[in-house]
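Two complexes, one shared chain (subunit A), two partners (subunit B, subunit C).
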Partner chain A sequence: MFNFHYRLERNAMGLVLAIVVVASIGGLIEIAPLFTIDETVEDAPDMRVYTPLELAGRNIYIREGCYACHSQMIRTLRDEVERYGPYSLAVESKYDHPMLWGSKRTGPDIARLGGKYSNEWHVAHLYNPRDLVPESKMPAYRWLMRNSLKIGDLGEHLAAMRAVGVPYTDEMIANATADAYGQANPDSTQAAGVTARYGEATNVSLFDGKPETLTEMDAIVAYLQILGRLTDVAHKTEQASVE
Partner chain B sequence: MIQGTWIIQRGGVGMVALLTALERTYAAIILVFVICVGVAMAVAGRGDLMAAHGWIVALFGMVVMAVLLRGIDAPEPWEERFREYYDDPTKVGIILALIWGVIGMFVGVWVAALLAWPDLTFDAAWASFGRLRPVHTSGVIFGFGGNALIATSFHVLQRTTRARLPDQLSPWFVLIGYNLFCVLAATGYLMGLTQSKEYAEPEWYADLWLVIVWVVYFLIYIRTLARRREPHIYVANWYYMAFILVVAILHIVNNLAVPVSIGHAKSYSLFSGVQDAMTQWWYGHNAVAFFLTAGFLGMLYYYLPKRAGRPIYSYRMSIISFWGITFMYMWAGSHHLHYTALPHWVQTLGMVFSLVLLVPSWASAGNALLTLNGAWHKVRDDAVLRFMMLAAIFYGIATFEGSFMAIRAVNSLSHYTDWTVGHVHAGALGWVAMITFGSLYALVPWMWKRPALYSARLVELHFWLALAGTVVYVFAMWNSGITQGLMWRTYDQNGTLAYSFIDTLVAMHPYYIARTVGGLLFLAGAVVAFYNIWMTISRPAPVDEGAAADLPVEPPAPRAWAQAGE
Partner chain C sequence: MSVGERDPVTGHMTTGHEWNGIKELHTPVPKPVWFFLIAFTLFGVIWVLLMPSFPYGTGYFKGWLGVDQKQTLAERLQEGSADRAAWVARIESEDFATILKDADLMPIVRETGHTLFGDNCAACHGIGGTGNSGYPNLGAAPMLWGDDPQTIAETITVGINGDDPQTRVSQMLAFGRDQMLERPAILQLVTYVRSLSGLEERTAENAAAIDAGRELFAQNCVSCHGEDAKGQKDVGAPDLTDHFWTYGSGREAVYQSIYGGRQGHMPSWGLRLSPLDIKILTLYITDLREQRRATGGSGT
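Moving on, here comes the complex of A and B:
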């Protein structure tokens, strides 16, 4: 073995090939089957895609680095299930490009945050977390209230999402901008199209409390309110034992 | 300081003068191309943040072009100069590494302070924790670590092959191009541009640019090896090559994405959900393995034996640990996803390989420490060598801790807590930064042909600041992580959870302050290092007799393979 190596280390290209081959094996065996084994991702026939407004909110969540402190992955541990709700299933992040499972909980897990608090609570909390939770370490995101939301190009965003495998229809892509506006303005004419395309249960609301402008606050609250609610398969299925 | 500015100006012209006339022309063409790409990005990205990056690219190209033009008329370098090693990119890389190091560590202290005092954001989006945190991680990993790796790899490659780099232009392309990537990364985060993939945050165009830079880097390695005057490729180069090759594989696969349009900075990852999570942590864990371990082991295998004046203890241990690390690390990433929606079989594989990984890891650490046998008096007297010894010890500690935390039951407690953060910093401060500072302290007098560093006592001061800072930081995070992990799972007599989440966060406050203090100590050490190295460089150069022997050889000369090269 050492004699073989004694020869190998005299051959630069041989060494290069050996490194590439040896290093590729682990990833191939662990990652490739995840795309082919059916049981990896559960079925969820009722699952819907993100609305344009929720997707815009998700992009703000990414932009602000929220994932650095909040996980969206409840583990199969008893205390986590009791604290946060049913453990997360793979299918629940099927449309998450990229996934936001997170790796650190400086703040709590928010995989099942949707519907837990009112829109008003979220707006006030994002505006200054310490008004509601005096001990909080979360930054105050006041600029979300000031910044108007960019919605003109949301159709292109949906098209890119479709390119990576999310089943957006042509109609959804064509109406993305109008749907983003309508979802945050329940009294507008555009509101009806949102529920027609994304389902009756879609949360159409004055998220930031202000009808006149569409702000980044509208989008982020719309996103936070859908967390864990694209499908209710995790609540319906019998959960395997937790440790 | 005036003297320093003079050195930079003279240095810039002098460095351009060492390029051949043809290389200067190629450099100008490349820079014009870069400036055009920048302007094109600014035009295509109107109304998008990409426009800002376009202008940054163009401006970056113009600054480099200005340096080039100052020396473009210099006479062709003497034939004699091509018989020497080519060290200018290494010198600039050392300075850049130190600058990025101070910036990255400063931002690290800042984000640490934000966790203790969250209102320090001052209502500015760019100054919030979520945007500054990747500036810290990329700044220290890619800015500080990456520049140090590029700088030392060019030095080690030439000395261990006894061959000059194949040309003068491509190493500059790699070094300057890489720093353009780092600038795009850091400025992007502040503006809110991120893919959210940890340690792979830069957006698609920066990723594409890094691929080009990386291919040239690989070609420099292969071309220099082809010119080598040593039959055997020294072990340090195996590690540098593994670093270059595997980082390329990881970078390309993990960053596969579809941009919204050619004028949008934003892209959507090709993978989603569980597949994306596994790909991300296959990348993330092996960024630790091949960026933060393999590359720095390359440093260790050259600078430690050189400084100690001892050959590497065991050639066979080097072989076993090299291939063990190259093979097994790539399986270990799934231990970041214990108890998640990742299939159980992948979690188990990740845990098993993480445990076995301790064998090659400790073989490396042991090999380094046993190399010091017979030189322990030097470790006592020479703080530079002591930095390297401490790095090997922390490497051993951090890899043991890593294997331990990969055990499912342990991970159920440690994951999502500060214990992970503490573990990362045991490796990053204790291992990566210590071996880097030790290597740079050894390298600077050789590169600038000085008899010694400006001050050995400042190295001593830096050593104790760095050690104290690391210990304070790691102990704070062990305490906070284990405390919080236990509080999360504590039940009261009624069988309900005893603590609310916010109770556990309140318990973290003293540790977050302690961690800020630890980071501040470490940062102070880095500033001392910067000052010491700057003073070493800016002092007038005395005639150094030893430098005359530091030349590549023309005729091939057989040498013992188990020794560090010249």
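Moving on, here comes the complex of A and C:
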């Protein structure tokens, strides 16, 4: 064995080839699983993309560092499945760039938070968590209520997402700003466009309870209310494995 | 191969190479490094063989142990439900009144219900169901839609203004914002409504306001809250004569309720929880209310 290396060191071409072989092992280990990605990632034909308002909320979620305390990944463990619902599937993060699975669980996992509480609850809770949960140690995010939401550039955010593979249409990109406004104002003329483009089930609502302003609170609550609801494939998968 | 020689200072052999008179010591790799290198390599090889590891063209190597996390989870979940099977069957089959009197089942209901309530309901209604501003006190206040167990279970299942197509629907109109009443009229109503539960005593100053408020109440409010202001459970309109106030009893809060209306929202838990979970929660809440009544705590 040591003699082999002794000879290899003295053969230029042999040494180059050996280096190439050894260096490619790491790459292979990373790349080879992608060859079978069609088999390992589930299908979710009914899955919809984030609306512009939800995407804006997602950006706020990232900006405020929510992922530092909340994970979005229900693991295949009995206590997590019994508490939160079906375990997370790879396909559910298909449109997440970057993914926000997180690993620090200071707060509860919020992968299936969407629809669990009302909009009013989320607004009150983000404004001051201790008003509702006295023992909470979550910071208060009052400025979300005050900051008006920047929606002029949402079309570019959508275009950036499309560049990394999220199937936004030209129409969605062109109407991003109007859709963001419409989703938070059910009585506005723009609201109809949101359901036309993103599906009837889209949550069009006065998220922060105020029709006259579009705030960051609207966006983050819209995002929190869609968590785990882009597709219901996880619920079907669990049922299949129980049967 | 050049020949090494022993270095007189360190006692090590040299490699035998020489660069302008400089020689290199041939110091061996320390034994522990070899040991750990070999041990970890062996462990790696064995692990790759035992566990799901490497992909083929189609599919992947499943490992000699046949470990599958999803399968393991399904087994764990089944073990869990097998552990619970004995009492689950009884809770599912027996009716509310029987279970509530059952000294064997109720400790289980209290323990399981506490966890379920804490994870799903306490965020709004508070630990122990004491309520919050905007979220009714479940331990003591009269239930808006009725407080017999069947009705509570139904309310939890379909929710209030929730996503379920069968959801209970209730909306208090925005009398001020939608310009049905002017500000002075609302103020008179506030005085009258607060006087119903004794929050405002009738005095010489407010007598006129109370009388005017009574008129306004008869014109605008009785269709939901009833002639006697005791509310109607089939539309979820609260009793205004008791001392429980979902949104607060101060003049400001009552004004806000009349001016902007209220449309409380409770999620349709039937879409998230199993019928068994809902039955346990119903029993837990009913039990909570009975205990609260027995100890005489009002817990507003």
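Definition applied: the second predicted complex is superposed on the first by the 204 of 243 C-alpha atoms of A that agree within 3 Å, B and C clash if a C-alpha of one lies under 4 Å from a C-alpha of the other, contacts with A are read in each partner's own complex, and residues count from 1 in each chain.
As a working rule, contacts are C-beta pairs under 8 Å (C-beta built on N, C-alpha and C of every residue); 3 or more make two chains touch, one makes a residue touch a chain.
In this text, all values refer to a predicted model and were calculated from it rather than measured experimentally.
A.B. asks: Report for A:Ser118: first if it touches subunit B alone, second if subunit C alone, otherwise both or neither.
C.D. replies: In the superposition, A:Ser118 contacts subunit C only.
A.B. asks: For the three-chain arrangement built by superposition, which of subunit B and subunit C touches the greater number of subunit A residues?
C.D. replies: Partner with more touched residues of subunit A: B.
A.B. asks: Could you tell me if A:Thr189 is touching subunit B, subunit C, both of them or neither one (first, second, both, neither)?
C.D. replies: In the superposed model, A:Thr189 contacts neither subunit B nor subunit C.
A.B. asks: Classify the contacts of A:Leu132 with the two partner chains as first (subunit B alone), second (subunit C alone), both, or neither.
C.D. replies: A:Leu132: touches subunit C, not subunit B.
A.B. asks: Quick one: classify A:Glu39 as touching subunit B (first), subunit C (second), both or neither.
C.D. replies: The answer is both, since A:Glu39 touches subunit B and subunit C.
A.B. asks: Examine A:Thr169 and indicate which partner it touches, taking first as subunit B and second as subunit C; both and neither are also allowed.
C.D. replies: Neither partner.
A.B. asks: In the overlaid three-chain picture, which partner chain does A:Arg83 touch, first (subunit B) or second (subunit C), both, or neither?
C.D. replies: both
A.B. asks: Let me check the overlay on chain A: which residues of subunit A are in contact with subunit B and also with subunit C?
C.D. replies: Shared contact residues on subunit A (touching subunit B in one complex, subunit C in the other): 6, 35, 39-40, 76-77, 82-83, 87, 133, 135.
A.B. asks: Can you tell me which positions in subunit A touch subunit C when the two form their complex?
C.D. replies: 6, 32-33, 35-36, 39-40, 76-78, 81-83, 85, 87, 115-121, 124-125, 131-135, 241-242
A.B. asks: Could you list, by residue number, the parts of subunit C that touch subunit A in their complex?
C.D. replies: That would be residues 1, 54-60, 69-74, 76-77, 80, 119-120, 122-124, 126-127, 132-135, 163, 264-267, 271-272 of subunit C.
A.B. asks: Under the touch definition given earlier, write down the residues of subunit A that touch subunit B in their complex.
C.D. replies: It comes out as residues 2, 5-6, 9-10, 12-13, 15-16, 19-20, 22-27, 29-31, 34-35, 37, 39-41, 59, 62-69, 71, 73, 75-77, 79-80, 82-83, 87-109, 129-130, 133, 135-143, 153, 156-157, 159-161, 163-166, 243.
A.B. asks: Mind pulling up the subunit B residues that touch subunit A in the complex?
C.D. replies: It is residues 114-115, 118-119, 121, 123, 125, 128-131, 133-134, 189, 192-198, 222, 225-226, 231-233, 238, 241-242, 245-246, 249, 253, 257-261, 264, 266-280, 282, 290, 315-316, 319, 323, 326-334, 336-343, 346, 349-350, 353, 412, 415-417, 420-421, 488-489, 491, 496-497, 501-502, 505-506, 512, 561 of subunit B that touch subunit A.
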